Amino acid sequence: ESHMAETSDKRIALSNNYAGNSWRQAMLQTFEETAEEAVANGVVAAADAYTTSENQATEQAAQIQNMILQGYDAIVLNAASPTALNGAVKEACDAGLTVVSFDGIVTEPCAWRIAVDFAAMGREEVDYLASRLPEGGNLLEIRGLAGVFVDDEISKGIHAGVEEHDQFEIVGSVHGDWAQDVAQKAVAGILPSLPEVVGVVTQGGDGYGAAQAFEAAGRDTPLIVLGNRQDELQWWAEQRDENGYETLSLSIAPGVASLAFWVAQQVLAGEDVPKDLTVPFLKITQDTLDAALESTPEGSVANVVYTLEDAQEVIAEAK
Amino acid sequence: MTDHESAPIVALTEAAKHFGPVRALDGVSLSVAPGDCIGLVGHNGAGKSTLVNLVNGGLAPSSGEIRFDTGGTALGAGVRSVFQELSLCPNLTVAENLRISHSALKGPGWRRPARAEIRQSLDTVFPDHGIDPDAEVDTLSIAERQMVEIAIGFAPRGTEARLVILDEPTSSLDAGIAEQLLAHVRRFCAGGGAVIFISHMLGEIFDVATRIVVLKDGKVVAERPADGFTRQGLVDAMGHVTAEEGETSETARSFGAEIVRSPEGLSAREGEVVGLSGLAGHGQAAALARLYLSRTSSWHARKAPEVVFVAGDRTRDGILPLWSILRNVSISILQQGARWGLVDRAAEEATAAEWKKRIGIRTDDVTNPILSLSGGNQQKVLFARALASSAPVIIMDDPMRGVDVGTKQDVYAMIRAEAARGRTFLWYSTETEEVCQCDRVFVFRNHEISAELTGADITEERILEASFEMQEAS
Amino acid sequence: MTNPFAKPWIWSWVAAALAFALTLGLTSGRGAGELAYAALSFGAFAAIVGLGQMLVITLGPGNVDLSIPATMTLSATLALKAMGSDEGTALLGLVVALGAGLGAGLANYALIFLLRLPPIIATLAASLVYQSFAIWSNRGLRIKPPEGLADFATGRFLGLPNVAWVGLALAIVVWVVLERSVWGRWLLATGQQMRVARLAGVPVELVRASTYVTVAVFAALSGYLLASFSGGAALNMGTEYLLMSIAVVVIGGTSIAGGYSNVPGVWGAALFMFLVVSMLNSYGAGAGVRNVLTGAIIIAIVIAASTKKRGRA
Amino acid sequence: MSLLARYRIILPAVSLAVLLAATFWMQPRAMSYFGLNLLFNLAVPIALATIAQMMIIMVNDIDLSVGAFVSLVACITATFLNDAPVLGLAMLLALIVTYAVMGAVIHALDLPAIVVTLGMSFVWGGIALFILPSPGGSSPGWLRTLMTVKPPLAPMAVVASVVIAVVTHFLVIRSGLGTVLRGVGGNARSVQRAGWPVIRLKALAYGLAGLFGVLAGMALVGLTTSADANIALRYTLLSIAGVILGGGEFTGGKVSPTGAVIGALTLTLASSFLSFLRLSPDWQIGAQGAILILVLTARLVFRQKRAEA
């Protein structure tokens, strides 16, 4: 295709702020695979991944500045903060680089954004609970890392959902830092003081920990909305086989990095790409559970790898 | 001579200081007038340092009164102290240390006058001191630090010094430097200044003091002009039962096999007391430390150590400040009697009790914290730590610092008795008198051995000669 | 001196008890057993790393192990990979985990001893390397522990969680070592003044080396148990134990200046750190309030402990 | 006394120079006005935070709350200082005063600074979450202008570093009061005996730390244009590493402000250097550790020289 030739001398870098969980590892892997193939096919000259040692905006800002110095043509960015990188992103734009942010997006107008509507994700969780538990009840909310944009957005969505479905009440809210063991600990600590809980709304990565805490406390397992981790899905499947447990799992697919890569390539190729794109989140239901389990490596996260065609489709949709 | 008519700079009336049940100072009245040089003596723990701290305002009296002629504080009255423990800021330069106690040095360009002032003061007290005002204090030897502290004490610092308190100022100085200080003290007093001079070296006291005050168990037991005391009278007043003297002229003893030989040429035989001498800071302490470190390991400890160490610089090398006296004594002998790596606590207690008695540590209970002891008694704990072990070689780095006359005699006797039983001592001392009691002496100069003296050759003259030779030649 | 409030460790226990009571006040006593059980389970992990950190902090100013989180993650990752969810491999996993801890401890000490790096920096730098090892070894994949091991880690014996038994046993061993053994005396002496200890015949390097190895092995054990307890190792599993390990030591009354340790305080502080978060969560405090109150309580405990200490002196 | 022991600044300076040369060699583009600014502008807030940490280490304490404090300042700067400058300024001043009070309390009650600051780090972090529950705010215009100014000859980052180093050198090393403050670290008792109110000196040292922490947070917002509650958490460890890298020591009042600034620059440069190496993502984090070890190993030479002296 003609677009390919035009970017064959371009170099793309992935700026990543965190590598400490399975989601990020799956993301890095997808990017690497996509990039390797693209380089081998001569689509781009180079596509390198960089990760900062600490999950900090300041360090990532420095990383972006280095990428400018290294002469990359585009930066694919999963940002530590939606606003704190704006200074560095602006510098990159001014230096003529294309910046495509995804997952953790930035608000700087010169950058492209591939966003997931996190608030909608939170609302959808409550909608699902309402469809399953029409008579309502008490909910436990497990949040992510305090002070982070995604945490705030999902939580807002959840609270908006609860307002809409007023048969529900959030009786407890803990921070699980998107980590299994932290969530487990926080839930175990708050459970003794909670009345009966019918549902748990989560942000992904913490459903299994919550389930374990409920089990350890000797309580009935409530309806826990899961976040696509393989161990969560596995647990779900076991529960389903045992007692017909039914729930919903949703999260953003780590493969969105490959989508961002192709969007960056399209921008470099001179395509007219709108600044704001959205990707749907990856939803796993009772029906798709087995298929999802099968395609997800043990210990990893359910994933979708996006191709150039997917990217073009997303772009066309946004126009 | 003293002018008793002039108003005293400071007057204490019935001043007392109690630390809990300890009556460190028990109603002392004393006045110091311009021109006085008061020699303050007393056994370890008599309360000398406590008295000093009352006079300079470091401690508030439990009862009684301290009055200055200016009516204000000690600082305002021109009272200066040189403390028993070195109290400079080691990270600052000599001149910067002057700045600490000279708050009038202000504004940009304070360094130049500070340098000039401290150099001037050093030159006055210690001619040929060779100390650079821009040197950081922790690069100086312990003797040099002591000199700097003394010089800061006598420096004008805006207001002239009127009363300078010297708490064992010569304990780490060699004889030559100490003599310079004594000369300066005499000049200072003759010029109308006052000095309180604390020392366990009675010779020095008789050298400088116009008046001698004897403290015993927190009370003044005697106070007379210096010529009213004889040496023996002074010792008696301090109230220590001294061991018999006169053992010095013993017949030549026979020694065993050579047990120590170091690369720089130090050697010692079983049962021998070997002295290290020379000017302070010429490498004696370093040689001993090297020898100790090479004979022991930081990776494994033997049940019966080969060598033990008695530190002179207590805070840096000797004391474990958080612990009781008991644990401080037993640290080197823990492995003796230990089973399955566990300490034999009964044996430990017995040893501490025995040594408290043998070496006379002044405390009612060995489980008291070590820091509740006076400086000299802390030093005795360090002796006990070394002697309680079974090590055949004992290295002593100027260990008599701050130890009172009576105890010194006891310790000398103990050393001789242990040597007679075949233990070997390597003993560095800044006091030539002590070195002269040794069986063999190595004199150090410029970090090398400049002479090895034995038998009748061990005299003060020969030692001095070997210490200075090089400097005269160059 | 029988006044119990003169003991510096009492304050962490008082604080833990208060947090416990306040939480239960909300439910008028219901769930006491559950809460205590949870506190003992989760407190155990903090207590185990805290005991190790305590030994290091006892070595004196500047001594601290910042590689605990990375060591936990690395050893847990390697252990779970070695076991691969197969039954009967629990012992193999334990050996791998402890081996990884041993290696990390030796490496830390080598940096400190051979390169003379300040321990804070050495362990911080080394922890980044361990983190890389963990990533490289299986790219963050969560492998489930063998079922028997998971059952052990989440199980109970005589009503107490098994992990708490492990933590208690270690605490007793450490206590005996510190109070009664020659090595303990050596450690306390080294912590007061290394030079003095060396001149008193203490093999100070042996003491330091064994301490740094011990803390890493404890961290490895804690990581191994935590991964078994929570269903697998994650790359970020140790993160919160960095500040936690230091906090439980200092809240527990161990002197940060070295030379003085406090074993019971570590357990008290470990329970407190769990209970205070539970309490604040139960009262519905947001992250902001929770942090401010946690900080304020930590400072209050330190002030209380130090005031009593001075009163006694 | 060896040259190295006397001028503890030589070693950090040489490390920085070597690293800079290696960076230029790897990436010649960096050898320009533009390039130097990109390499170093984020080092400016780190340098200020390192100076703050140094003030505390100078009096023998250690501050585990620097990172949280700078984050809080950043949050205030990006919100109150921008929207209501007077209120914002008052809050920042109150923070500095709080720091000074913290120093006084630590001294008066003889508390371990490491624990108090650990507790305070939770407090600062909590307040920051109140102010900015999710990232946002924006930098006051003047601050943004100041941090992106393009002075002639040398880029802002270099000029700012030099200014910080010179000012703090005069403050801490040359001035009389700075000397006394270092004396508190060297031997607080003798400073006390000389008649200084040590409690006020401690409060002053902490107050200065607060001041530089505030400057660090403001500089950071000027660069990033907005803030969040976690933005500078890693400054705690970075600042400690910076002080040590710059030739400072944890105890004894041995610090060097110039060294601290150089240390901060070195740390920043080290991670840039690594990204120029284009390592495999698996090892990028580990390499950061390795280079830290490498740079610090140079101290070994220095230490041996000192031991001989």
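In this document, chain identifiers A, B, C and D correspond to the written order of the chains, with residue numbering beginning at 1 in each.
Rule of thumb we're sticking to: contacts are C-beta pairs under 8 Å (C-beta built on N, C-alpha and C of every residue); 3 or more make two chains touch, one makes a residue touch a chain.
Please read these numbers as outputs of a predicted model, since none were measured by experiment.
K.L.:
Check A-D against B-C and say which one is joined by more contacting C-beta pairs.
P.N.:
Ranking A-D and B-C by C-beta contacts puts A-D first.
K.L.:
So which chain is the furthest away from subunit C, centre to centre on CA atoms?
P.N.:
B
K.L.:
Take the average of all CA coordinates in subunit A, do the same for subunit D, and state the distance between these two points in whole angstrom.
P.N.:
Chain centres of subunit A and subunit D, defined by C-alpha means, are spaced 34 Å apart.
K.L.:
Between subunit B and subunit C, what distance separates the C-alpha centroids? Give it in angstrom.
P.N.:
About 45 Å separates the centre of subunit B from that of subunit C.
K.L.:
Taking the mean of the C-alpha atoms as each chain's centre, how many Å separate subunit A from subunit B?
P.N.:
Each chain's C-alpha centroid was found; their separation is 71 Å.
K.L.:
Using the average of all C-alpha atoms in each chain as its centre, how far is it in Å between subunit A and subunit C?
P.N.:
Roughly 32 Å separates the two chain centres.
K.L.:
So which bits of subunit D are touching at least two other chains?
P.N.:
128-129, 133, 284-285, 288-289
K.L.:
Going through subunit B residue by residue, note those that touch at least 2 other chains and give them in order.
P.N.:
As it turns out, subunit B has no residue touching two or more other chains.
K.L.:
Using the touch rule from the top of the page, what residues of subunit A touch 2 or more other chains?
P.N.:
Residues 19, 53, 146-147.
K.L.:
Under the stated touch criterion, can you name all the chain pairs that qualify?
P.N.:
After working through each pair, the chains in contact turn out to be A-C, A-D, B-C, B-D, C-D.
K.L.:
Under the touch definition given earlier, write down the residues of subunit C that touch subunit D in their complex.
P.N.:
Listed in rising order, the residues are 61-62, 66, 111, 115-118, 120-122, 124-133, 135-136, 139, 243, 246-247, 250-251, 255-257, 286-299, 302-303, 306-307, 310.
K.L.:
Any idea which subunit A residues touch subunit D in the complex?
P.N.:
Within the complex, subunit A touches subunit D at residues 16, 19, 28, 32, 48-54, 56-59, 61-63, 65-71, 81-88, 90-91, 145-149, 151-153.
K.L.:
Per the contact definition, I'd like the list of subunit D residues that touch subunit A in the complex.
P.N.:
These residues of subunit D touch subunit A: 27, 29-30, 35, 38-39, 41-42, 45-46, 128-129, 132-138, 220, 223-235, 268, 271-272, 275-276, 278, 281, 284-285, 288-289.
K.L.:
Taking the touch rule as given, give the residues of subunit D at its contact with subunit C in the complex, in rising order.
P.N.:
For subunit D paired with subunit C, touching residues are 64, 109-112, 114-116, 118-130, 133, 237, 240-241, 244, 250-251, 282-290, 292-293, 296-297, 299-300, 303.
K.L.:
Looking at the complex, which residues from subunit C come into contact with subunit A?
P.N.:
So the residues of subunit C touching subunit A come out as 23-24, 26-27, 30-32, 34-35, 37-39, 41-42, 128, 131, 135, 138-144, 154, 226, 229-232, 234-237, 239-240, 274-275, 277-278, 281-282, 284, 286-288.
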